[in-house]
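Supplied in structure tokens, the structure appears directly below.
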Amino acid sequence: MSSDDRLNELRGQVDVINMQLLDLLNQRARVVSEIGKIQAATGGGFYDPAREAQMLQALEMANNGPFSNDAIKSIYKEIFRASMALEENQAKAKLKVQRRSEVERTVITMPDGVTTLGSGDFKIIAGPCAIESFEQMDETAAALAQRGVKFLRGMAYKPRTSPYEFQGLGEEGLKIARNVADKYGQFIVSEIMDKSQLQMMYDYVDVFWVGARNMQNAYLLKALGQQNKPVILKHSFGATMEEFLYAAEYIVASGNPNVMLIERGIRTFEKWTRASLDIGAVAALKLETHLPIIIDISHSAGRRDIAIPMAKAAKAVGVEGMMVEVHPNPPVAMSDSKQQLYIDQFHALMDALGQ
Amino acid sequence: MSSDDRLNELRGQVDVINMQLLDLLNQRARVVSEIGKIQAATGGGFYDPAREAQMLQALEMANNGPFSNDAIKSIYKEIFRASMALEENQAKAKLKVQRRSEVERTVITMPDGVTTLGSGDFKIIAGPCAIESFEQMDETAAALAQRGVKFLRGMAYKPRTSPYEFQGLGEEGLKIARNVADKYGQFIVSEIMDKSQLQMMYDYVDVFWVGARNMQNAYLLKALGQQNKPVILKHSFGATMEEFLYAAEYIVASGNPNVMLIERGIRTFEKWTRASLDIGAVAALKLETHLPIIIDISHSAGRRDIAIPMAKAAKAVGVEGMMVEVHPNPPVAMSDSKQQLYIDQFHALMDALGQ
Amino acid sequence: MSSDDRLNELRGQVDVINMQLLDLLNQRARVVSEIGKIQAATGGGFYDPAREAQMLQALEMANNGPFSNDAIKSIYKEIFRASMALEENQAKAKLKVQRRSEVERTVITMPDGVTTLGSGDFKIIAGPCAIESFEQMDETAAALAQRGVKFLRGMAYKPRTSPYEFQGLGEEGLKIARNVADKYGQFIVSEIMDKSQLQMMYDYVDVFWVGARNMQNAYLLKALGQQNKPVILKHSFGATMEEFLYAAEYIVASGNPNVMLIERGIRTFEKWTRASLDIGAVAALKLETHLPIIIDISHSAGRRDIAIPMAKAAKAVGVEGMMVEVHPNPPVAMSDSKQQLYIDQFHALMDALGQ
Amino acid sequence: MSSDDRLNELRGQVDVINMQLLDLLNQRARVVSEIGKIQAATGGGFYDPAREAQMLQALEMANNGPFSNDAIKSIYKEIFRASMALEENQAKAKLKVQRRSEVERTVITMPDGVTTLGSGDFKIIAGPCAIESFEQMDETAAALAQRGVKFLRGMAYKPRTSPYEFQGLGEEGLKIARNVADKYGQFIVSEIMDKSQLQMMYDYVDVFWVGARNMQNAYLLKALGQQNKPVILKHSFGATMEEFLYAAEYIVASGNPNVMLIERGIRTFEKWTRASLDIGAVAALKLETHLPIIIDISHSAGRRDIAIPMAKAAKAVGVEGMMVEVHPNPPVAMSDSKQQLYIDQFHALMDALGQ
């Protein structure tokens, strides 16, 4: 027999084995699925590492090759993973924050019953980095109101690298922000740093903001999941997109579906921007989740001279909105002075976006 | 005149101007220093961005070149920075966590009055990732006791990426850990995730551990600075060494000098390790701070097969100790199963280190 | 005198010193500038580290504080930097690849005298990763021709991680590409890996492509600078934007102004994309250089399901074009099978872009 | 039947299926292995993506769940990978650069028949960054000779970021280096940047050095694989350890087994070091390859004040040697002035290492 004929014969054998394997794999899946149902009914979790370890040990002992024990374990790890996924799917269809269809979307409606986020148009969240004075907030909010911007940002509590840097005006700042927002019919978006602040802040803010440094603060996330105001969760500069989604799941799984994701890039060796905003990863995040996504063009860039092209790219990539820092006098701002836009630059930005 | 002669003449002029500049710079430093003293006396901060902006504006208006306004601003930024450093030095001699001399070191003494950390010998912190049962803790602690290890780690609260993963046994776990530690005369090192846990945990643990995800949780850091038990602060995988030091400063500035730094590497594109432990940056950290530094060979590697060479490198680079995960049966561990050492591997590691 | 009065008096003194410093700095700049002219005339370089070291030493010896020697050195480093910038500006006005005005742009005109790149419209470079057969190239090129795409990519030499992977068809592949391109009136864009290939490839390709792994291969860059066909320079995934520009400068400084920059992202810890395409850094690059910039949506993403949003963002950010991989049958492609678009996906992409 | 009984019954069924799967998997492995032998005999490669695509398609069509097609594909991908590994193992036992046993090591013997690298003791490669003058090389080499260092580094061709920076003395520099090395009985280690330099450089250097920017320059690697002098391959700061090994494989597979790997860290966001030297990844590399590994403590650190602890860590982690830059007068060095050691610092380093 020629080597070509022999090859074809052997390939035919592989094809047969493939179908037998497929059959067995699905047979296994059915049994495991039944196990999962019983476990769910009796309140058990799906993941049973001791049982997995025992199955692997039995397989290793029975294995005579040619596959090595390692190869068998790798294949079985995939089988375990697929089985687990199957069970989790049945029980709760993946994570709550994950998309189940192309059109699924979370729409967040604000207390006025009219303003929404996530309903298809491109929304702007703007304002200074930190609340510094009534005048500063008022001047900024007036400019935003001129362009129909409803979400006013302003931090009263600033997580800072150094304990000796300006840490925010605290409750005094929140009062200023509330007054200004009420004057212009805007919603206050402000950062919460610890769950102990929740009760006090609840009276002042409309949207709670979780900063990058707190993205994986599970206690804070759970507390925000147990109240009913919308939450903006910021991507930690040291976390993957997958971890970002899991962090959002902490909030949603605790009961609050009104979560927005704010992307601000990750840390890399590039120095021309403050953080690298991976535009492809944003597109991938959008495929994965139904939550509204907002691109922060200020903290990612760390500079104001590229605000317009970044904003255009943010709008084009299909996210639900963008966050931009605006300050009446950036050079004297108490933080992030290089990236905050002057008010006339903010107007130019809105013009460029056709907003 | 030859061009060489002309060059020499011009260089002579530069030399003269250099000395005039030096003189003026120091004259300016003296005045600024006096300003600083007045501000310190009246409770003001040193950093006055509005004043800086005003000075820059005056300089720009007066500048006729050939230096561009940008060049002048860059030079002045350095002058501001140097002046600020001068004022901060005088007031509090840099950060509290920074070294003032080559021999300065923080020595942490445990409640037994004998066990120390930071006094020159290489200390081991070991134990399982999470507390799972009395048997697991007991078997591990017994092995540690055999090698004279006094610091027993074990988490009762586990920050996890997913809300659906094992989150720790909670207070039940702490009770187990306390019992086991008391049995073997060991100290319990366990993670605190939120400042609301402080009071309850205070009765069980000897050393509070702040995890990587909470490295910049200012509220937690300050709360730990206001109690008297030692704190281990873990390097966030997304933070620079400078930020790591500033985070420690939050604790020390709040009143607690007994802080240890635990290095576990940062996130990079390398896949053979879970995190990249930059050994040069550890050496640089040691130059910078008097706090004890501990290298975590388990979370950085994410695998147990390189424990011995990593431990040897950790000891050689001159830090005060190392953290290693040990578990009676790693494959069934509820977290981090790939990196925990079997007990016999732990003994081999101690042998290799001559501990 | 009240402390406020004293503060004001001291601040006045600082203001006076500021003006004296400004005057001296510009006086110094004028002398240094004259030195620079003499050096330029006698063919010397501007950077003279020995002279700098000697000046610093003299300053250190003369310094009596309160500024520390380190502070003086930091300030002087800025003065040196500014002086150097001044001299370089005068001699050659920064790098050749840097923009001297907002409207400056390099327009590359192809041999047909009609097709341009960099003249304002958004151009597409498309084709398979590697040239595999005449049929594959022909089917792809026909689809491109339908949409008016004039730049056909196809590699005959593939830099691969492993020496055992498919390395390209070599000259045979170039012949196929040339035939196909001629059939459809397209231009061939193909990778050159070593300067020894230049003469042979010159007859086949219209645009030389320098891959990411060769971005800093100075010999190759210089050789491409000494011939007259356009060059596409790809951003190395391990290089900063600044280094990317310097690499382009090697080509332009060697005599060839027709260089395009292709951005494909950098390596980070994010796993949902193959590389992180920092959209802000692209915007910053555009501010910095007059060379056409092309965004590679295939190698950055490493997946085809986000091609449309990425392409929209690329167009919106204001670059001159985009590169996308298209293959008649991606799953059997000899490389990069996950990221190449099916032909119908390519048409959908063009529709989505309105191209 | 109680749910516990039912669970046990179902688990028994899973155990049976596991064994049937194991049996089928190994049966498949045997057939595939026979296919591999025929392909190897007829010169074919193992990787046949078209065949894989066809098998997956058949499986997808036959699949009726409950496993999704994606789950089946993931499992099959593992089976393909394991099968491929099996075939590659049989044919060539993995990469040539990979270790086949714990004790395997490549020992490189220099022309004097006595000096070796990789034979167990810790070797030093030292010298200035670039060759600048006879005096500079002579003074350095004399100091090295005092400590028995046999490998003298010195670059005559310097890959630089900017085309306007010092590019090395060229052949003139090589002549200087050769004279100095001969005077002290040392071996010259010098960088080659392009394969066109090979013939000329061959007469001057003892060890060819491939710089980080050329780590994946396949033409250069192959050319160095076809000559008989040892090669030092430097880790690109943008490449993973796996890619580093594959690059070495290019040289070894081309015929030259005398390759050393020099580790100098990768690019990260950390700023206290020039590159992050992941000490765990070095330990992992050592497990993986039998080639000698050298740690470059100068380029990784980018500063000279941590040379001693880094050198101690390098020695402790178990690699074969270290590279350190030494210069008679670092502040006036034409490149890398911050990281080169003064000669007395070099002696202190040797003392600290006990070399």
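Each chain gets a letter, A, B, C and D, in the order it is written, and its residues are counted from 1.
As a convention for this text, contacts are C-beta pairs under 8 Å (C-beta built on N, C-alpha and C of every residue); 3 or more make two chains touch, one makes a residue touch a chain.
From a predicted model like this one, the values you see are computed outputs, not experimental measurements.
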item: More contacts between chains, A-D or C-D; value: A-D
item: Chain centre separation in whole Å, for subunit D relative to subunit B (CA means); value: 31
item: Euclidean distance of C-alpha centroids - subunit A vs subunit D, Å; value: 37
item: Between subunit D and subunit C, distance of the C-alpha-averaged centres to the nearest whole Å; value: 28
item: For subunit D, residues contacting two or more additional chains; value: 242, 266-269
item: Arrangement of touching chains [line / ring / star / complete / other]; value: complete
item: Residues of subunit A that touch subunit D when the two form their complex; value: 3, 6-7, 10-11, 13-15, 17-22, 24-35, 38-39, 41-42, 51, 55, 58-59, 62-67, 71-72, 74-75, 77-79, 81-82, 85-86, 267-269
item: Residues of subunit A that touch subunit C when the two form their complex; value: 240-242, 265-266, 268-273, 276-287, 297, 300-301, 303, 305-306, 309-310, 312-318
item: Subunit A - residues contacting subunit B, complex; value: 49-50, 53, 56, 159-164, 167, 193-196, 213-214, 216-220, 236-239, 242-243, 246, 249-250, 253-254, 266-267, 331-334, 337
